[in-house]
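Sharing a structure here in structure tokens format.
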Amino acid sequence: MIEITSLYKKFNKNPVLLDLDLDIREKGIFAILGPNGSGKTTLIKSILGMVIPDKGEIKVFGENIKRTSEYRKKIDYLPQIANFPSNLKVKELIKMIKDLRGNTERDLHLIEQFGLEPHLDKKLGNLSGGTKQKVNIVLTFMFDSPILILDEPTTGLDPLALIQLKNLIQKEKKKGKTILITSHIMSFVEEMTDEIVFLLEGNIHFKGAIQTLKKDTQQNDLEHAIAALLEKNNV
Amino acid sequence: MFKILKYSFYDLARSRWSYIYFLFYLVLALVLLFLNHDLSKAVITLMNVIIVLVPLIGTIFGVMYYYNSREFTELLLAQPIKRNSIFLGQYLGISISLSLSLFLGIGIPFALYGLFNSAAIWDFSLLLITGVFLTFIFVALAFNISLRNENKIKGFGYAVLLWLFLAVIYDGIFLMSLILFEDYPLDKLSLAGTMLNPVDLSRTLILLKLDISALLGYTGAVFKQFFGTNLGLFISLAVLFLWTIVPTFSILRKARRKDF
Amino acid sequence: MSFRIQYGWVCIAFLFFQMNLKAVEVCNSCPISSIQKGINTALSGDTIWVKKGTYKEFNILVDKPLTIIGLDYPVVDGEDKGEILRIISDGVTIDGLFVINVGTSYTTDYAAIRVVRSKNFTIKNVVLENLFFGIFLEKSSYGKVYHNKIIGDAVDEYNSGNGIHLWYSHSVEISKNIVQGVRDGIYLEFSDSILVSENISRQNLRYGLHFMFSNNDVYSNNEFENNGAGVAVMFSKKIKMNNNLFKDNWGTASFGLLLKEINDLEIIENVFENNTIAISVEGANRVNYFNNTFKSNGWAVKVRGACYSNLFQGNQFLNNSFDVSYNSRINDNLFEGNYWSKYSGYDLDKNGIGDIPYRPVKLFSYIVNRTPETIVLLRSLFIDIIDFSEKVSPVFTPDELVDNKPLMKPK
């Protein structure tokens, strides 16, 4: 579904992605992990066409994404920081995104699920961080696209909302979607994901199931396994 | 693109700043009319104000809007929308809403004072055309600056500097070079110098209307042809148009290559 | 004087008598079919009625006091052969002729109607077309040129003549004429005590009105519009100009009114509108400019030097690109109680007079005098800034040149 070959990107003079190859053919949930500055966000944004690669090729469903925008209909993206035009009301933002992408009824259920009804007429500028993130989630999940990309989806959520988010992700997985997640919360990753893509210094250092990683590093939990992976590479 | 335009426009139409801008022009026009009781004189004063203020407000608004809506832009970029549509839409949205504030802000008081039955209506139309052109040009320039500068403070600094340069400093350098080379034929140089600065260009349009009798006092043949016929008006409008188109394309070119 | 009046009365009585006695009729099919023949057969004081038709004649000589009246504008066609009508007698009246095709010459100033060394003449209701010189008064006096229409089609200055031309003439009234498309609309040289009023002089190649070495003349209620260079008054004294309109005189060397080597002039209640330079002054002394209106001119008053004791009072300066321009720092002229549309002062004591003086000479006008191309920077913010700093501490412009009593409102 997503095929990346020798992706190279540098910002100014700092190389961020160094001839990265990644091939995601299976359905399921993939966690993209890595220390700060390893290129996670750059990778995601490259897939979304927000970052223009210097070299390399990205194909989504077999189609080269260079200079097109249509393929993004097949991707739902949850950005890391949800800052919306502060003069718009929640209702209007949802309406607007629908207007831009096409109509859907799924938002009604999501709004109810996350308890956003009382906020619908508020301006986005007046919302708390957590509520904004809920709006963000509604905007992402209301379209039923085969690929989901979630950048730090848990930011600012209360425990209840977190559980609902997890349920939501599982439900989407069952529908046979491909879901990419970045997160710093290892328990969340361990609970949710099937496979891990570990980025380090612009390249993939590990790709495989969590179990395989634990076995390789002889650790019992993911957090330590990752730490071990890092340690090994630093030495 | 029109959807983006629509939403940028709505967004701005509700922003406090659009109203402040609108009210500023409303008050300015009312005060001028109140003090002068004379439409044509108020138009002349407004012209002097507009060729300096519209660029300043356009620049600052453009930069502010760009930086404030960065995250929103990123949200849009992840949607199946072309980059050109996003940036063109935002650019047109802000330019149109600023133009509208200007249009209504000075239009309403003048209309109430009986503009439509006055000979000043042509001067007034020219004033509005110039104001709209300047808005589009300077918003485009502001977008170009902000697209090239991630740092908000830096972007603001460059934008204000650009305005200061085009509104004041440029003319100083221009004047100095004309005086320095006064022994040479200068009429082509002076016209070229005017074309290279959109503020001067708009000023020329106004001169053509208000000071034609003084402009015709100069002997140069090129000058005479430029100011004495409709050629000057057409060339000025054409170059102003170019001044709008070129930065717009530059926005699109830069936006296509930029990482977010 | 009394002799003259008596003489006049005698003349009129005589004419009246004669008119009743004899009237000569000229028409194409009459026994007398040419104007010259009519003149030859008429006696002094007779009236000649010229009926409608075309008379191909030139060098017509009027050598006795006669009244020649055209009925329904008979055409006198000179066929470009030379002068058409010459008056060499006192007491001649020409009325209602349509005179066309005056010959053009580079050596002789052919005129449609020439008056030579005569008195008490009247030329009225005459229409002149395709002419060289129009009405030429040579050493003549006590006459009237009234309600004539002179329409030329001059293209070049060197082979065109003037509409109404006075040379060494005095005590003449020129009024209600329309002159256009000639070299100088009205031209006066060495002519004193002339009244020029209610004429319209427009679209002439050079000057609408041009006079030199002529004193004690009065110009009032005339319109001078769209002439090549405007109105020129040179080397003259004791002139009164009032209620005239100077309009649309555009161009490089163009002005509404040029004053050169002039003394003791009164310029009152005239209107100057849309001229490149409304008044260009050079060597003019003791000139009073009262209650004139300067509107939308390039330069309202351009002083080129050596002007002393001029007084500007009660004038209105409305939306001129430059109000007053000097090319030196010397000033001996007084500006007081004028209205300046650019004045931005206040009037706290509400007496209608601004509390801070107005400085009509801008630094920028000085710069434009020096480097004319800088005119493209007019109304620039930068120029406003340097004008302001010059206003605060004058370096280049005459620092005592201020209007200490600027009016708050136009009249």
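A, B and C are the chain letters, set down in written order, and residue numbers restart from 1 in every chain.
What we mean here is this: a contact is a pair of C-beta atoms (placed from the backbone, for glycine too) under 8 Å apart; a residue touches a chain by one contact, two chains touch by 3 or more.
Computed from a predicted structure; not experimentally measured.
Touching chain B and chain C at once is no chain at all. Ranked by how close its mean Cα position lies to the mean of all protein Cα atoms, the top chain is B.
Chain geometry summary: the mean Cα position of chain B and that of chain C are 46 Å apart. In this assembly, the C-alpha centroid of chain A lies 88 Å from the C-alpha centroid of chain C.
Centre to centre, using the average C-alpha position, chain A and chain B are separated by 42 Å.
Those residues of chain B lying in contact with chain A across their complex are 3-4, 7, 10-11, 14-15, 69-72, 74-83, 256-260.
Against chain B, in their complex, chain A makes its touches with residues 9, 11, 45, 48-52, 69-73, 75, 77, 79, 81-85, 87-88, 96-97, 99-101, 139. Against chain B, the residues of chain C that register as touching in their complex are 250-252, 254, 274-277, 296-299, 319, 321-322, 341, 367, 370-385. Contact residues on chain B toward chain C in their complex (touch as defined above): 40-41, 44, 47-48, 51-52, 167-169, 171-172, 174-175, 178-179, 182, 186-187, 189-191, 193-194, 200, 203-204, 206-207, 210-220, 223-224.
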